[in-house]
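Every chain is named by a letter (A, B, C and D) in the order it is written, and numbering of its residues begins at 1.
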Amino acid sequence: MKKNNMTIYSNKKIANSIFEMVLEGEIVYDIERPGQFVHIKTADESPFLLRRPLSICDADKKAGRMTVIYRAGGAGTRLFAEKKAGLSLDVLGPLGNGFAINGTEVGKRAVLVGGGVGVPPLYGLAKALTTKGINVVTVLGFNDADTIFYEEKFKELGDVYTCTVDGSAGYKGMVTDVMKREHIDCDWLYACGPKPMLRALECQYPEAKGSLSLEERMGCGIGACLACVCHLQEDPSGREYRKVCSDGPVFPWREIAL
Amino acid sequence: MKKNNMTIYSNKKIANSIFEMVLEGEIVYDIERPGQFVHIKTADESPFLLRRPLSICDADKKAGRMTVIYRAGGAGTRLFAEKKAGLSLDVLGPLGNGFAINGTEVGKRAVLVGGGVGVPPLYGLAKALTTKGINVVTVLGFNDADTIFYEEKFKELGDVYTCTVDGSAGYKGMVTDVMKREHIDCDWLYACGPKPMLRALECQYPEAKGSLSLEERMGCGIGACLACVCHLQEDPSGREYRKVCSDGPVFPWREIAL
Amino acid sequence: MNRLETNLPGLSMENPIMPASGCFGFGEEFAKLYDLNELGAIALKGTTQEARYGNETPRVAETSSGMLNAIGLQNPGVETVINEKLSWLEKYTVPLLANISGSTMEDYERTAAALSAHKRVCALELNISCPNVKEGGITFGTDPELAAELTKRVKTVSHVPVYVKLSPNVTNVTTLAKAVEKAGADGLSMINTVTGMKIDIQTGRPLLANGTGGLSGPAVKPIAIRMIYEVRQATDLPIIGMGGISSVEDVIEFFMAGANAVAVGTANFTNPFICLELIEGLEKWATEKSLSNIQDLHINEVKTS
Amino acid sequence: MNRLETNLPGLSMENPIMPASGCFGFGEEFAKLYDLNELGAIALKGTTQEARYGNETPRVAETSSGMLNAIGLQNPGVETVINEKLSWLEKYTVPLLANISGSTMEDYERTAAALSAHKRVCALELNISCPNVKEGGITFGTDPELAAELTKRVKTVSHVPVYVKLSPNVTNVTTLAKAVEKAGADGLSMINTVTGMKIDIQTGRPLLANGTGGLSGPAVKPIAIRMIYEVRQATDLPIIGMGGISSVEDVIEFFMAGANAVAVGTANFTNPFICLELIEGLEKWATEKSLSNIQDLHINEVKTS
């Protein structure tokens, strides 16, 4: 883990409020797995003290570049959206453990389910899985047609089912609806998105192998402040717990109380 | 008085920590006199709430441009120094009353005395006076050779005496020392600089006509908050007072308790 | 339909947004910038019985997302306020909230009686919390019994409703709020500034001539929201909320915390047009949300956390 | 010559800079980033008798130049702290300040006795001010008599010097400081967080699961400076100052206000290397100023304003 001034190689809008930013710098060489994240400072002299956690979407170690995709929703990410190529950002990372894919077997199928800005880390995962020879099917859920991104990119790696809440593109409804309707069952299931989506998936596929990636508001991002803890299903008392930033953000299914 | 997004036409370093910035915008057309000032917001999303007051150094109504000269000393002015041409700044102005020169008579001599970043408003004043046919002599005081600016520009308008505190350029010493040594006496005296300088001048030239420009920490800059008040020499009780931002920043000699 | 119309004791307002006391003088300077009648109300500069010069300068200092001020209640005294400031304000119809301060209870009573008798004054705001006055002032704001007695006495002489402006520099703001409610206050204003200090590291001395000053601006907003929320659980008195407001989102947050109107202070210095912009923005937001009146934001109010 | 060397009761420090309690865990995470022995000391995460999970999430919220936290004193309990955290810390020589909390006086006593007996613990920091614990905690910090009694009882059982960490959420911090001084405190830590709240305007409910939280960061610095300055006029007890420190200038300001050492909390989240950078920057500044020791900053201290 490093703290690095990374140079913005590109930063462009790819959907409504959604931006793709490519960053160059040493942190790229430390990335171990898809699903890890970086913690980015918003600006130099800024009233926003906390860094913003963003998943690493893709990494190209040869070029020394990595991609993050973010929704410019709040004050800090809106500052990111204004930054031009050539400027630099103060980045802490890579953080967290990422998706473990060593259990998966060649020839088997992995289903990747992403909701909104939960989609980005699945792209790196999809690449890692296909490289290993695993069949990848992706289910992408968005609010509406305007916020869809990376659909084509995932299509290069396998079948893609896209749905929107308002039906303005793809299937209408939730990812779990589509998966039921299309009888998508999964040996391995990987997911990232809002908690209700993860909860519905865990309920619908109670036997799934694989893992999910969680979001939580963070302070330090490195495991020291206990801002980001979550309960274990096995221990509702809270005596045992996990930290999303350092134990996660990726956890096995049925470990975390969602 | 307007609140305007002014475009930065140029912004360059002209001495150690000293920058000259040329701004374009409607505010220029409202400028009435040299010695008025503008109140500039440091940045959009910034922990610095207060605007920075800077004197108008020069105004070119034909081109729609005005010049300010500032020392990038604190957090806010350092942000100004980083701004590139083409960007815009949120400017409130013109504010304050400026130098009145209607009393001066053609053929008479006016001595302008500036200390450090008190020099800028005197440049516009020198131009106005020479345009009117008044003889201008300028006495400029700086800390050292590295912080001297606009010496040449003033020379185009009349005689210039430059001094530095450490003697690294021009006369060594204070402006009042030089003036004594060179027997500069003045029908009209105009000054802007640190309070001790103004006090010394007032003491040395107890009969001078003309005016001085004051600095004070400001809140609103428009006369509403009473942050910037000063006492009158005639009324030490404070029942009467003046506001530097709206009654000043320029006052007649011997009006304000320095 | 006027979605922003807000009626509080003494204050029939077109909208719930007013400049905060001390940040707007008596309106003369801002009248050159816009029509004062656009405002919901105006909280006037704190007024005392006698004229006061206040503290020496520097009187303001900048801090992270905030500022310190130690003006020290400079004002021309109640007589001049009535003869010059209020008569000048007669050409406007915007409701006026007269902010009063004093060193003794008698001071407050006399100033309150005089100001509240003026036809343009719709309500009084008792500043019992100004931290920049050495005698009197601060004690009233931190001692529930003194605050209650002062409120009672001012209520007796006042011709208009009385809002008490609470200090955040207390262990328990709810105790104060309940004490002045019981004493007959018609409403609360909160919060005043938080006592703070900045030291000039070049000199090793406090930057403000007065030593300490009052902290205001976005830095204190979480404190204001917490205190308003706490007090809202304990009383139904109308609350004029303030402390760091600079955006429409802030205004909404104050309403959700329990405020019935808001005052904007420091933000007027950053942007002299802020009050107008907030009124416009709030109107737009209420329209988008199909809120028939801004006070409906209180319907969902959570009465216990 | 070590210009930064600082000796306070129990704490023989190479420099006066330490991470603040709760912002650095027990050092394990930061040990991956730098050598903990570079620090002046470490204030450990608040520890209670029994393990605690703390509050539900969200536990942090961002505010202008500040943040709110409501961790709720999550910690593994004193036994585990001793067996796992402190034994892990045995490989370091940096002085440790063990921060303790509790719901009852007995809790504090037992935790204090156990922790202070550990050879790595050089001093205790009594957190009587954590605003995020429902029972006990907050009362101790706002009532001078309770604070004094607690201090006395902990002093009786403790094997090491005791620093009392004061709450800013009080009307008069000096009264508290004097009360614990009289009760035998060896030093003071100040300030803890200021109680605040943020409301999520999408839901109309507090953003933190706990409702309120503690405000920290540069936003509160003027409050910290003011309180340290006030307390410094009233006592000669050593003060560990904290609240919004994020630059060398801030450290100097705290010293000038009256602090003898400083703790850095929130800034570790913005920049995990901040403590090291401050130590380096302070050393450089002291050298430039030819200050033979950083404590000399107190020589010019103004004892009354």
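Quick note on the criterion: contacts are C-beta pairs under 8 Å (C-beta built on N, C-alpha and C of every residue); 3 or more make two chains touch, one makes a residue touch a chain.
All of these numbers come straight from a predicted model, not from anything done at the bench.
Under the touch definition stated at the top, subunit B and subunit C share these contacting partners: A, D. Per-pair tallies of C-beta contacts place C-D first. Farthest from subunit C in terms of Cα centroid separation is A. Mean C-alpha positions place subunit A and subunit C at a centre distance of 46 Å. Each chain gets one centre point, the mean of its Cα atoms, and the points for subunit A and subunit D are 36 Å apart.
Chain geometry summary: the mean Cα position of subunit A and that of subunit B are 55 Å apart. Across the assembly, subunit D contributes 64-66, 217-218 as residues in contact with two or more other chains. Those residues of subunit A in touch with two or more other chains are numbered 47-48.
If the chains shown are joined wherever they touch, the resulting network links each chain directly to all the rest. By the touch criterion stated above, subunit D contacts subunit B in their complex at residues 64-65, 218. Interface residues of subunit B, counted against subunit D in their complex, comprise 47.
Subunit A makes touch with subunit B in their complex at residues 43, 45-48, 75, 79. Of all residues in subunit C, those touching subunit B in their complex are 22-25, 28-30, 32-33, 45, 51, 53-54, 57-62, 64-67, 69, 71, 74, 217-218, 266, 268-273.
Subunit D makes touch with subunit C in their complex at residues 63-66, 68, 142, 169-172, 194-199, 201, 204-206, 211-212, 215, 217-223, 225-226, 229, 244, 249, 252-253, 256-257, 297, 300, 302, 305.
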